[in-house]
């Protein structure tokens, strides 16, 4: 296990590279969900204001 | 007649529902492929005889680079379709794709420089591939900056579509001029990519990652697409039905 | 259809959105040769939007604009060659003189003789200041130079947005007279106005746009 | 009013008025108009040139006054300065005309906007690109460049600024509807201008070393021709969208 984590001595570069990429993926998922949620709320708001007149 | 599916897909309610239905079909295979690729790339594949374990950065670097280019092309094609046929759905797709492409371009740059440190002894080398990627990142920034500069979504869609088309025509010119420039000043790139004699134990995880990243993009862009379609919809009854207002 | 030769401008069920606002909701109108359509309505009722939609500068969500029986979007350049649009502000370069402005504005469309330019300037009463830089002219004088450009284009369809803005009483009568003459020659006018135009009742049609 | 002969044009629904000037005449008229307007506001013409001279002065002051060392970086300095100065006046390429409504009149004139914008871009190049190309050899001398390299510098900057004006026209058209567009315009235009920078600086470097630079000039020329065919189309599309 330690040998795996050590990555042949290249651990200071290999693990950050994976962390950055997986982090970008996580952020993308989060941003996408947030965008869709906000759009849904905005659409609902528009529907409510349009029904009044 | 063959065009009916095209127009049906482009109608906002249909697109919204289809995108919602398709998302899991992209998300789960993407997750499985990426996990398999990670195990294969980090654990099962043997160390490289030249680069040792540092080459394993390739398994995240190369698929990110592939996404950065693919997404820009998708943006430009969608933009052109949106301009020619005045199709809001295509513009929504371009708008949904841009931030994903930009973020993976940034990931490519960061992983590339992390790979560069053990290989070149420096985090940044004016290597043609990294330089092109940096310029692509600027193109993405310009595209998103232009989009953000307009209040009116319709106008933002169409103006940025023109930019994406101009950009995609220029990307190969920029890339080849950078390669040409680099060949004048230093030797060829030391990166690992495109080595023909890669053993299957190294190659298979890479292919899994390529496919996994592409499907991941598909899943994320579908979720974003739903949001962008809603943002472009004003007072349609289908929104009411769909959201249960 | 005989429509090709009829000089008719027709709007059918025009819907236009500006951002979040549904500005035009199913507007319909018809103007034929010799007729003036006067657009009235409160601010924000969509008078300017309708004019811009007609000239192809705004894209309607639904409906169409037909000129001589065909949708203008099928061939915008030919339609533009037969129409003139005057917006809120006279489209003039401040650094150029009135005469230079008219030259660079109209001569890209059609060649005209010097005598014709003089006749037009005389008609709008702009002959005396036509050689001064537009920067030095009053708002009313600029408006007159713009009217000279309108005449000089010699097109059948006029689209006018508040054509009497900044004009004195005499100038407002001039606009009325110019429109009357244009109609008498078989032309068409569509004008957005706050105050009714000083034109003869014959050939005058009205379209009231509702506010939101 | 019968002498104004409005009537004939009413009764014949033909494609264009019979006495419409040709496309070349229209383009020429536009070019003449823009040149005339520019010379009425002459101070704006000098600014990009002064900027270019200023930037090339910064390098000797920042790095070294030794001409032998400056000569090595001269091509980079000249091209970075040329690119930046040609961006300066771009924001107003179409903006003035859009604000006073004259651009709208041209868009509604029934004439091809592509040709009109190409003419405006040509005027812009004559007013900024060409003067830059003419003073670039002077700036080069001040950076210790030998005299035999000056024709090559003149030729390469001339060709390079053509492409810069064309790319700039696209950027200016795209940002026409944006209020403060300066920084955005540079962000859009500069990445597209990288090939110009690479080929131009390379041609200049070869010229300074006394080597043949024809191939690099050919590449610059190819970029310019490519730009001429496509940039006015893109600019016209963007202007139409922004006038809406």
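Labels for the chains are A, B, C and D, by order of writing; each one numbers its residues from 1.
Here is the rule we go by: contacts are C-beta pairs under 8 Å (C-beta built on N, C-alpha and C of every residue); 3 or more make two chains touch, one makes a residue touch a chain.
Since we're looking at a predicted model, the values are computed, not measured.
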Practice problem: Tally the contacting C-beta pairs at the C-D interface and at the B-D interface, and name the larger one. | Solution: C-D
Quiz item: What is the distance in Å between the mean C-alpha positions of subunit C and subunit D?
Solution: 34
Self-check item: Inter-chain centre distance, subunit A versus subunit C - centres from mean C-alpha coordinates, in Å
Solution: 53
Quiz prompt | Cα-centroid distance, subunit B relative to subunit D, in whole angstrom | solution = 33
Exercise. Round to the nearest whole Å and give the separation of the Cα centres of subunit A and subunit D.
Key: 42
Quiz prompt | Junction residues of subunit A, two or more chains touched | solution = 46
Exercise. Could you tell me which residues belong to subunit C and also touch two or more other chains?
Key: 20, 59
Quiz item: Got the subunit D residues that touch at least 2 other chains?
Solution: 244
Quiz item: Which pairs of chains touch each other?
Solution: A-B, B-C, B-D, C-D
Quiz item: Which residues of subunit B touch subunit D in the complex?
Solution: 83, 135, 138-139, 141-142, 145-146, 149-150, 155, 158-159, 162-163, 165-167, 169-170, 173-174, 177-178, 180-181, 184
Quiz prompt | In the complex with subunit D, residue positions of subunit C that touch it | solution = 4-5, 7, 33, 55-59, 68, 76-83, 85, 87, 89-96, 100, 104-105, 107-112, 116, 119-120, 123, 151, 154-156, 181-182, 185-187
Quiz prompt | Residues of subunit D that touch subunit B when the two form their complex | solution = 170, 174-175, 177-178, 181, 184, 187-188, 190-192, 194-195, 198-199, 202, 223, 226, 230, 234, 237-238, 241-242, 244
Quiz item: Where on subunit B does subunit A make contact in their complex?
Solution: 38, 42-43, 47, 52-54, 56-57, 60-61, 64, 99-100, 103-104, 106-107, 110-111, 114-115, 117-118, 216, 220-221, 223-224, 226-228, 230-231, 233-235, 239-240, 243, 245
Quiz item: Can you list the subunit D residues touching subunit C in their complex?
Solution: 1, 3-7, 9-11, 13, 15-17, 19-21, 26, 29-30, 33, 36-37, 40-41, 100-102, 104-112, 116, 243-244
